[in-house]
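Contents: one structure, followed by commentary.
Note that the chains take the letters A, B, C, D and E in the order they are written out, and that residue 1 is the start of every chain.
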């Protein structure tokens, strides 16, 4: 009995070695559950619609291998390992820099191309030459935000709320701080960690600084608690957020306190210019056939473009060889993406000429709208 | 136990020859039939047969680790019976939970008193009557207990843990009486008490017994216990090695030698 | 568990000296801060005080559950934080969802009625009593109707959530802990940790893992503004509601424990379970009651917590930090002692909230906000090493 | 792996009164051990050369977690102190190792980035630099990463051990669950402190640092090498006089002290050794992930180790490794559990699991007589499971059951339920305190009497010579 | 060899041991007797360092044991058994007898991991000592029993293992707490013989607490009677048991029913009104520690 059991266990272990072989696969890992689930799913819908539009490449059907990183770095590593295992041709993902960077650490040594849909921290593409992204970097976003705070809002002292355990937030705060101080302003950084609900200690610290502008670099899960608490404790200053605030969890969770909350985020059709705007609007129409427009944001466009550039690169490379795809991607020039033209030539994997939008939440009663203020592009 | 000692009485169920209230002799109040118990793999009691008739006072004697307290816990249902049967008031009781056995008329004065140290004397007494509806009967019983132990009446509001050992023993006995039991089980009521107190306690036990409440007392202090008990059992390594009327046991040579240590 | 804790002998004047000295230092620090920066005015510190009290009350409510369970079965109920989480989420569903569809309402009502049946049997001690059945039927009808036709206000949501969570606490005890009575304490503790993990992940499964806004329509969440020495203090009515609800519940609990028969049985079981059993106390039932009460308090704390901060965390982590801190509060106050839990909770609330106000970020000092969460742990370690019985508790450490 | 307590004395055992190991058995066992090692080697070769990167990484992860669980087992299983702060020790080892082996290029990148809070001093902490300073330039190439890693992981382990001593000190004053809570508080406090300004010049705040070389942590050979060393040390320690003393503390601390064991010293020793290997595991884990981040070292880590230890067998090294394999397998290959299925499928699955648990409980109660009373705890879930399974099977067409549901968190739920079930039904775990040895496998038992001994025993328990009770008792022993 | 000088110990205001002094010469077997709750086990706990005396001193071979940790006291040469058996239940008999020798091990844990020759030699020596001590009990604990877990042993064998364990510490003075509790008469006789052999062959000095008078009578050189933490009498067995005070305290009052009633009446006043301090539950509780 005992010996049989041992033998059986051994046989089962060997059975685990069995491998599954797939066709042309593109791995997609995103925040489909957890604290960033809204954005992650919006992005995934973009990828899916793009996939419906271009289901084949080089005559082969593209199969999406979707993996949920559960909004954790560890989950991202698990996903990346799974992709390497499945032998995917390339990888799309993910939204947050905190999740993209660990996955890039797996994919770069494995020599698999990764295109991040939402990671704006410069460090992501610095991991290596196989890592690309669709959006702008936080260096740009931080500088734009600093200019907005200094010029448009006329602020001279800014309190920066920073989520200290997130790459994106820490990076963006740093760039904003540098840019704003270069403009001659004063800043203070108030740290919090993920999942903070009680901000009274931070707000205590805010009092002595008494800023005339607040910059929030974290995510909506925390903003939904922070902003109402700020308002309730008598802070009426304008608040500017980063693209992580572009999430329905903010106005849904925080309610009317978010009235007038401004944020910079990925370009939507309204802020794009020229042919890109038309392509984006066209894509929106296609998107509407499968999903509701509630799920259409700049991240959706970004997800679609991640798919599109990869298909283009595979076509250009003419094979599914990893190195060939990387080379094709690195030589991409003026690709007509739905989020703007994409050029990787001469960059570290961040496209040149990205467009950013400035938006604001506006409330009437309990319902809110996301108003487009203007588009900003990198000179 | 030597052969001579064993000869005095077979373990178990012979009717006692001398007892104060012969009227209530028909039906045993409590009966252990071949009870065996284990703590894990260790057998503590082996084939124990005992019987207590209504109105009787029976004592259980034995050295340390001979299984006395285990017998008591088995009767109460704190230790399970692994073999054999336990009957109480004509009912099979070895499957019943402790609270049911208490409700059917058992009460216990545990070893070392075990009063609730952070409850007042009154609350301790209330705990004794836990399974009964509060009401007039409660006051009646309280009055009886306070009459028996006037000292408790003076200290109704005091915390149990602050009383002396003798007072705690009284409280424990009073607590047991509060449930109007048919059978009181006492575990070493004399332990750690001054000789005068021991006698006082046994006198009260006798008084209680004379009200028709059966008493089953586990003791090391054999002389005192046998002096007032009707019958006794002697336990050794989990087995009943001697049993019989108290007088006979007191006179038994083997008993003296093995247990009392007399030469 | 002792409602009337025996305070060991100590020199009262030394205690007073320490207290007065501490107050003096705090006053001096407040005056100094005010001198440094105008923002640290009376309203600032008054705000810190009321928030400390508010947070402390919440900790106290949770801590009571830990301390009751520890007092009675000497188990650190690791899952208590998750019970608190479930309490908050249950209430969230009750007040935020539009009326439930009839099948769902009937199902939920049946479950609740079954719980009521259990309860009433519980206290009456007689199963299948017609009155009990009738009561359960009435509850069933009322609950089903309420769920299907109206959206509950925060108060009724809280009451209902307390009930649901209480049943959950009892179930946890019955399924996971009761089979382990008498097992080594480590096994029980490991099981408790496992239950806590189970509930966290079950929360992900059932409530979806994201931070959830918690804003029932209520007068109390509205803003409250008053003047402290001419300076405005912005806050909400929650600073009144939370301590008052806590006070009511603590008084009710104290009355229950000292006055009722079951409450006395609870204290007796805590002091000496075996003897309590010998008195005819159904110890398992008493333990179940303890879990019921502790879980109900935790549910109330969950609702108040959500209303105070306007949102509740994702289920996977919501219970952890409040749970651990409340446990620390119970230890600080003296685990096993009801007043200890309250004292410890309020003290921890002050330690966490008022200290950050006393040492805020200034131009010369980066503040102690970042260390806030470690206070509870460090205070707990220090208390355990210096005085394991806590501030008002008695020694429960294992005897030789 | 065939160590037995009786073997420790070496040869000539028979002469001193205990069972001789038959030569044939010894030869057979040695051959089997060699064979087992060869099989392991072949498996590792296959895995290392195989196509599946994931399998390779899972094997490496098993080895890393194995180091952690086997080291935690020294405190939890052997010494009997419930320690809940293992993730804290791993954190220390992980961060120290990560910082020390961070390549110069990554360091420079980090120094320029806005994300760095590392002090210049911390930036300069690099084994590479030290080797350069010592003139060991040959050890600073990418090919000789192992040399730098070994130094770093050793330092990481020692730092963790130092902290282990600190955490061990409360064990002198506290016992039982109070101590468990203090270890937990320490573990959490380490993590919280690591992100504060006080420590962030070394830890780079909560973010930590990416770019830790993965070559060692993902290498099957290195990780299994470390695991082999850990198991060797732990097994030898467990079956030495020190191990006996530690087990004595587990069984009865007061008696140990009364028997001359310096319990204070031994408890701190156990914590320190355990923390050292936890630090090593932490270093390897950081290398496996490639990033040192605070959220790698949450309490859930210790929880999974606890699951592994409790399920496998508290105190048994082989049992713990078995448990670790189970936990790693469920966590890495359990994603089918978290997919979206129809409610009917869920109902059937849940029902079958409940039924299986109830059947197991019933089996253990009836056949093995493990728990005297389970009552409704067994029958109610069993009945519920049956109902759920039937509803799921029969109601496949029902629209209500066709709704789909994604099983978020099912892996953790599975492990938590497994742990609860094990704790209730078989608290000692699958292996109990036994080790997997060939002697165990072939049922060679030293504690069963030979014919001769049986006869002697019967004579000793002869009713004519001893009391009746004695006779009964002696017989009991043999069966029990 | 061992000398207690005016030792006092109280627990929470309750005097458990009052001004206790006695001496033990090398090679003696001395029994401590007294009713339950008299403080016998407390005396053992005081000598072995579980409790520290409030006042007075405990000297062993000239050195004070006061304030030493229990393990340090074992190092000095005093070992004990426990009334309620504190064996290492899940370990084997052999391991149980090896652990007490650990404090004599002169190897670091590192050398024990690498099995240096020095360590192995000591380990071999420990096995020899273990077998030697176990052989005191004849074949009862030898052979297959060596490898049996203590959990499956009978009560009597557990007692024997505990005595072997105490001997294996290498102590010169053994404190045996009720070595014959739970044993039948035959086993008791056997243990009596073994205790004698332990003194004669093993050279141990023995202090024991016992309730069984046969055993006490057979082997004690001297008997010390305790009652309420006070020494009531000391001397040869025959002298002590005939002391009326001892008979009253230990054997219980030899009273018939009438005298019991009479005495109870006399005591009644005391119970109801007077305030004679009576030792309370704590002494009994400590006794069972």
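A few notes on this one:
The rule is simple: a residue touches a chain if its C-beta (ideal position, glycine included) is under 8 Å from a C-beta of that chain, and two chains touch if they have at least 3 such contacts.
Because the structure is a prediction, the values reported are computed rather than measured.
The minimum number of touch steps separating chain A from chain B is 2.
Looking at contacts between chains, the pair that accounts for the most C-beta pairs is D-E. The geometric centre of chain D is 40 Å away from that of chain E, both derived from CA atoms. Spacing of chain A relative to chain D, judged by their CA centroids, is 37 angstrom.
Chain B and chain E have Cα centroids lying 29 Å from one another. Residue numbers of chain E whose C-beta contacts span two or more other chains: 50, 151-152, 154-155, 184-185.
Each of the following residues of chain D touches two or more other chains: 195, 254, 408, 467, 469-470, 473, 476, 480. Across the assembly, chain B contributes 1, 41, 115, 236-237 as residues in contact with two or more other chains. Residues 1-2, 40-42, 63-66, 112-113, 115, 149-151, 163-168, 170, 188, 190-200, 202-203, 220-224, 227-228, 236-237, 257-258, 260-263 of chain B are the ones that touch chain E when the two sit in their complex. Of all the residues in chain E, the ones that touch chain D in their complex are 48, 50, 69-71, 74-75, 79-80, 82, 86-92, 94-95, 98-105, 107, 109, 112-115, 119-120, 122-124, 126-128, 131, 135, 138-140, 142-149, 151-157, 165-166, 169, 184-187. Residues 5-6, 8-10, 16-19, 232-233, 236-237, 240-242, 244-245, 247-248, 251-252, 254-264, 269, 273, 433, 445-450, 453, 456, 460, 465-467, 469-470, 473-474, 476-477, 480 of chain D touch chain E in their complex.
By the touch criterion given at the top, residues 2-3, 6, 13-14, 16-17, 19, 33, 68, 70, 72-74, 77-78, 81-82, 84-85, 101-102, 105-106, 109-110, 121-123, 126-127, 164-167, 170-171, 173-175, 178, 193 of chain A touch chain D in their complex. Taken in their complex, chain C has these residues touching chain B: 2, 4, 6, 261, 264-265, 267-268, 271-272, 274-282.
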